[in-house]
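These are the structures in question, set out in turn.
Each of the next two complexes has subunit A plus one other chain: subunit B in the first, subunit C in the second.
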Partner chain A sequence: MNENIKSGITFGLIGGLLTFLFGGWSVGVLGVLMGIGLGLALGPRFNPRDGWMSLAKQALPAAAASGAILLVLSLLQNYVIDPAIGQNFEDLDVVIPANLVGVVGGILFTCIVTALHGLSEEWERKGKIILLGLVILAFPFVDKFTELRWTAQIIFALIFVILGLGLNIVVGYAGLLDLGYAAFFAIGAYTTGILSSPQHNIFLNFWLVIWIAAGVGAIFGLILGAPTLPLRGDYLAIVTLGFGEIVPVLFRNLIDVTIKEPLTCWILPLFKIQTACITFMSHEDLTAGEKGINPVGRPILPIIKLNEAMGIELVIKIAVLLVALALITFLYIRIWRNGNRKVGSVASYAAIVAAILIVFLPIPRTRVAVFDNVLGIIQPGEFQSDNPIPWYFLIIAIILLSIFLINRLRESRLGRAWMAIREDELAAAQMGIDPVRTKLLAFAMGATFSGFAGAFYAAYIRGIFPSVFDFSASIIILCCVILGGIGNINGVIVGGLALMTADRLFLPALKDFLKGLLDHTVLPALSSNPTLQAAVGQNANPILYRFLLFGLTLVIMMSVRPEGLVPSAQRRMELHAGEESGGTPVAAK
Partner chain B sequence: MLELKDVHTYYGNIHALKGISLKVEKGEIVTLIGSNGAGKSTTLRTIQGINRPRSGSILLEGEALEKLPPHEIALRGVAQSPEGRMIFPRMTVMENLEMGAYARKDKSGFDEDLERVFNLFPRLKERINQKGGTLSGGEQQMLAMGRALMARPRILLLDEPSMGLSPILVELIFEIIQTINKEGTTILLVEQNALMALSIANRGYVIQTGEIVLTDTASKLKANEMVRKSYLGIE
Partner chain C sequence: MSAKAKSILRGIVVAAVVLYIAFLLGPIAGFDVPAIAASIQADPKQLIQFLIIGISNGAIIAIIALGYTMVYGIIELINFAHGDVYMIGVFTSLTVLSLTGTLNTNDPVKIILGLALALVVSIASCAMLNATIERLAYRRLRNAPRLAPLISAIGMSFIIENLGLIWASQSWLVPSFGTTGGASQKFFPDLLGTIFTVNGWKVNLFEYFGIPLRFTIKDLLVIVLAVILMVGLYLFVQRTRLGKAMRATAQNRDAAKMLGIDIDRVISATFLIGGGLAGAAGLMAGLYNNTAWWFMGFRAGLESFTAAVLGGIGNITGAMLGGFLIGLLASFSDGYLNARWTHAWVFATLVLVLLFRPSGLLGEQVGQKA
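Take a look at the complex of A and B:
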């Protein structure tokens, strides 16, 4: 069978089988997403010189195959599966448009995306970016309209994308295997929790706290990185593993902290000098231990919901923002052109941060009025738990900022120093690279992004609990990076999304699906044996096996496609060098 | 320009350098010859700060190097084409050369030096996008030397550049070393191939089990009885 049709069928099958789990409008959304995916897979197989019209036509058979499979499976879901698992038949008002959108939209998008490959390279890139932008922009609204409720879970996946991006700096760029990265996630989250919650009656604004969290993360990156400096390979991994264990334990136990000034409290009394003992902190509960810190303050963005009092302030803020943006752009282009990139970067980052602070820091009227968002009084523009859309765009913004910063870092002098250190530390030192500084900065930069993620996470779930940051979290983040492709930003994004979407969306849906299926097939038949019935009912829960499934995924990935889903060009070459040239792969020294 | 005074270096208990003193003047090619295990590489590694001398001093135009870490020494204009070449295997030829220029402060001369390296080693230009690890031994040697030159060093340390190369390539490499020197780079050349080394050097030192046993101009060393016997294999 034709290779393209095969791909079409694969995509159709994936989409169709997923509709089994989600039902409702999912066929519409999945159809379009699969269509885009198929188009991306098909494009490079055709000759771009044929022109975009011809490419669209060439993609049609595969697209149609995919659509047909999707339709068959979706109807199967509506008419066979749903009744079998005891779901009510969906309204025809949903079934008909959902299938129509899925099939027609899917075919259409496959053709459009394939056709992009027929454009000039520049326009293909632009086209893809625009399309991706539209999908990202439309997703939460489509999700809301179709009542699929995926956005809230996708946000968790996106948090792990940021974590993956940060870890990728340490592991992918600098080649330092860090098995305790969740420690930095915890530090970011606890910084946010401590600085904006009733725990200590400190209620800093989220827009400020997120930068502080990033900064504190970076500082702890330096502190925890320092002892690992003389270590290499396995030893480094073991020490970071230790840190990953220590940090959550620390947060569990910082519940009765007393800090005394040693000179006045212990040393002077030794010499029989009587002084008042200066105590900085006495029996203070810093982290609330196992209970966790709860509630944590949330971002407030006056643009979201206007009220009269906010009106004038808002207009001023927006004006400031626009002027600042114009200024930044101007400055950036000017300085960039003139070649002084360092000044240009610093100035523009400073300007961006300043503009963000000006715009988002609400002007306090009274303390309570500003911070009562924490205390249960809803402020205009406060992010809410029942509406994931603002959160979604916030995390998208953080990811875009992270990608921008990481790209700049990678291409900078520091980025090249990381690559050199990864390859051969001694040779790098002979090139004039300071290994100590370079490695410390890798830890610090990596931890900065987990600071962002931690701050967002604490605000999003509105609380922090130490168990979230255990060893398993470090491993999951590492899995995201490995699954996607170490060292490649796009890969890490795909890896994080794939793994965490599977964890957050797919497994729970599979659980419900299995439960429905068993309740209506096997379990009634077992009613004579209640013990067995209960055992089957309880164990048919894929969420129980999530780590097993993670492990299996990794094992399969490593044996089938060790370079990850979207590998960096370099890794692909190394890992497949043997196959292509018949020689042995280059050993990494 | 570079001066070692009574340098002692140890590997644990092994006393590898037992008081090395030597001098390289600006613009010279000085060669350090000696048999396997005599301490030639250790001398270069000590100059570069990779091995730390237990006593003695190393001066680069009067500035003490012996307490500085390797990267600081590199930043002061000491570049080495090390034993075993130590190129970055997963970086391309171009990226390797760019890494070589990491230490230099004047970015403006980069293109000029790149052209110079490509003129000296046209083979590298042909393989500009090939990964360093996939180059042949001779090409890796050229890359290691080219990378060191990209730093535009004040002094270039070459550790057995002829090792493992075919006779024709050895001739070529030594010609290039002379060219580099004529263009103004001071060179400290470590070799087992004493005949070749002495024929291009101004002066030479003979090292035996961690000690300098003989020093003279290259032509006198070439005529020396002991050198002829032990290192040139001429009875």
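Take a look at the complex of A and C:
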């Protein structure tokens, strides 16, 4: 059988088997995603000189094969699996359009993505970005329409993507293995919690707090990074692990803090000198311990209406906003390139700040009417828990900002210094790189992004609990980085999304699926043997095995593919150059 | 003023500032000197009591630390999964005791036989488990960059913790696990106490001598067993052929290979011995602390790693010393500071030792290699 058809069948099987877990409309969404994946896999195999039409035609057989497999499995799911797990099968008015969208969309997107490879390099890149942008933009609305409820879980995955991007600076670029990265996540979250909750009766605006959290994260990156500077390799890793354990213990236990000046309170009285005891703090509850801080304030965005269903209206609002931003960018580039650079950049920065202020700052209700009259679409609104769409776009915006900043950092002098330090600290120091400054900035920059993630997380969950930030969180973030490919932004995004969707989406779905299957099919068959029945029923819960998922990821990746699923170009070249260099991403020695 | 006097003066000033900060912020984490002084004054006997508890706990920590230090000495790897092997030891012994019916009997002979069997099975299975971990997760990475095996070890630790979590929910295996799932702490029956109370002996051995402190049969057993194991290991490494091969491999792996030592075999043997010790520690800890918990390996592992580092990693005597010191630190912190801060104090010790004396108390300058 032809190689392409095989790929098509593989993708069809993956997509089809996933429909077993979710049912309903999932076949439509999965079909399109499968099509894009298959297109990406097929594209590079064809000769781009054949032209895009020819490429699309060449991809057709594989696309058709995947579509056929998907259709068969989806129908099997609906008419065989659903009854077996005790659910009624879907009505035809869902089954027909969902399967149609899945199969036709899958084939269509396979051909489109494959055809992109036939375009010139520049257009191929642009086409991929546009396609990706469309998928990202459309996803939450499709999700809402199809009632799959994936967005809320995807947001968790995206939080870990930001954390992974931050950790990637420390581990991937600077080569410093940090096993306590969750500490900075915790610091970001607790900064947000303390500054915008009833715990201390401080209610700062989220749009301000997120920057403060990033700043505090950076400062703690410096503080916790400084002592580790003389250490290398596994000792460094263990010290960061120690900090990572101490920080949650602090947050857990700072519930009854008394600070007395020791000299006046007991050293002088020891010598029978009577003084007034200076007390700075008496039985203060700083972090609320295990109870956690809640409720944490949520972001407010004028363009989001309070308690109102989202839909086309939001699309229009976002479109207006995007157009405004595009206009500003355009003006900025124009003025900056052609006119007086200084005046131009100041003016455009002012324009950007003004735009951000207009859009983001909360507006007193009295002034809303004015906005309503002017634009007719702007109203103040708080992000709500039951509507994940604004959260989704917020975290996408944070990720885009992070990617932009990290790309700039990596190509800067500092970024190159990080990589030089990673490859050989001694040589780098000889070349005039200051290792102390470079390493400290790596910790600080890495911690900045976890500050963003922490602030978002605190606001999204509305509460912070110390148990979230323990060692396993650090390792899960490390897992995301290693799975995707150390030192590569795309890799980290892929790794974080894959691992966290598996954890947040597939394991719970698999649990429901298995539970249904057991309750309706397997357990009745085992009723003759109650012990076995109980044992099977108890252990067939995939959520119990999530640590196994992360552990296996680390062990298997390290021994089979240490460069990650999506290695950076440099790593790939190193691996092709020869095996003696090892090519393992963690090159710190 | 001479340079020496200057440096002494500077040292005094720094010490004073550090002490002042410790006195100012220490009370937050339980380090409240007046309160500690008052409680020692109120009941000085307690000091000795905490000493006893610390030594017993330290003995268990020391045995686990031996596994860390041996492995680190030979392949310079922090075997992160070692603490979890110890946790598996606890669960193995509990399961053996349950399957042999020892948990439900009051017959001293049966209990002792059951305990002996549990000890053997626990040692054997933990040794096998540790060697398997080495075979699966570390052997391939022996020539990889140093952090690759560490990451692999962390992954292994997660896998074994998950195994423990599943194990702790198997109530068909051990009925006392109950139906609440594997996440909660499980009870490990106090079998030694049972033997004593059934026969009408005093559990607290000091009662025979009229000393108003508690030194139970459990303390005695843990300390005696620990000393036997440590001395045995020391003799093994110093006197036997395999022990000599281990020391040779630790000094220079390539040279040892050239002299005809089968490196893989020696490393496997090291892991076997380390795992066996962890298995023994598992049974002892279960009997002593009367709990079994899937997550206990993580904390015990880090405490004993701290002990190994404190004593000088790679150094067997150092690991024993470090184990007792960490046991004492934890026990005094539990008693006089505040139990909820003990974890942080142990970690602070680890961080301070690694920063200021990475070679440990008895170690050579291995820190430079790290």
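By our rule, the second predicted complex is superposed on the first by the 466 of 589 C-alpha atoms of A that agree within 3 Å, B and C clash if a C-alpha of one lies under 4 Å from a C-alpha of the other, contacts with A are read in each partner's own complex, and residues count from 1 in each chain.
Heads up, the rule we're going with is that a contact is a pair of C-beta atoms (placed from the backbone, for glycine too) under 8 Å apart; a residue touches a chain by one contact, two chains touch by 3 or more.
As the structure is a computational prediction, the values presented were derived from the model and not from experiment.
A.B. asks: Output check: A:Pro524 vs subunit B and subunit C. Expected answer is one of first, second, both, neither. What do you get?
C.D. replies: Neither partner.
A.B. asks: Taking the superposition as given, does A:Asp434 touch the first partner, subunit B, the second, subunit C, both, or neither?
C.D. replies: So A:Asp434 only meets subunit B here.
A.B. asks: Looking at the overlay, does A:Arg413 come into contact with subunit B only (first), subunit C only (second), both, or neither?
C.D. replies: In the superposed model, A:Arg413 contacts subunit B only, not subunit C.
A.B. asks: If you stack the two complexes on chain A, which partner ends up touching A:Val239: first (subunit B), second (subunit C), both, or neither?
C.D. replies: Touch status of A:Val239: second partner only.
A.B. asks: Looking at the overlay, does A:Pro97 come into contact with subunit B only (first), subunit C only (second), both, or neither?
C.D. replies: neither
A.B. asks: With both complexes superposed on chain A, which partner does A:Asp424 reach: first (subunit B), second (subunit C), both or neither?
C.D. replies: In the superposed model, A:Asp424 contacts subunit B only, not subunit C.
A.B. asks: Looking at subunit A, does subunit B or subunit C touch a larger number of its residues?
C.D. replies: Residues of subunit A touched, subunit B against subunit C: more for C.
A.B. asks: Touch test for A:Gly51: subunit B only (first), subunit C only (second), both, or neither?
C.D. replies: neither
A.B. asks: Subunit A residues touched by both subunit B and subunit C?
C.D. replies: Residues 586-589 of subunit A touch both subunit B and subunit C.
A.B. asks: Flag every residue of subunit B that touches subunit A in the complex, lowest number first.
C.D. replies: The contact residues of subunit B facing subunit A are 48, 50, 69-72, 74-75, 79-80, 82, 86-91, 95, 98-100, 102-103, 131, 133-134, 147, 151.
A.B. asks: Across the complex, what residues on subunit A touch subunit B?
C.D. replies: Subunit A reaches subunit B through residues 413, 416-417, 419-420, 423-424, 426-435, 570, 573-574, 577, 586-589.
A.B. asks: What part of subunit C is in contact with subunit A in the complex they form?
C.D. replies: On the subunit C side, the touching residues are 20, 23-25, 27-29, 33-34, 76-78, 136-137, 140-141, 143-152, 154-162, 165-166, 169-172, 182, 298, 302, 305, 309, 338, 340-341, 343-344, 347-348, 350-351, 354-355, 358, 367, 370.
A.B. asks: With touch defined as at the start, can you tell me which subunit A residues reach subunit C in the complex?
C.D. replies: Counting only subunit A, the residues touching subunit C are 177, 179, 227-228, 230-235, 237-239, 241-243, 245-246, 249-250, 252-254, 257-263, 266-267, 471-472, 475, 478, 482, 531, 534-535, 538-539, 544-548, 550-555, 558-559, 562, 582, 584, 586-589.
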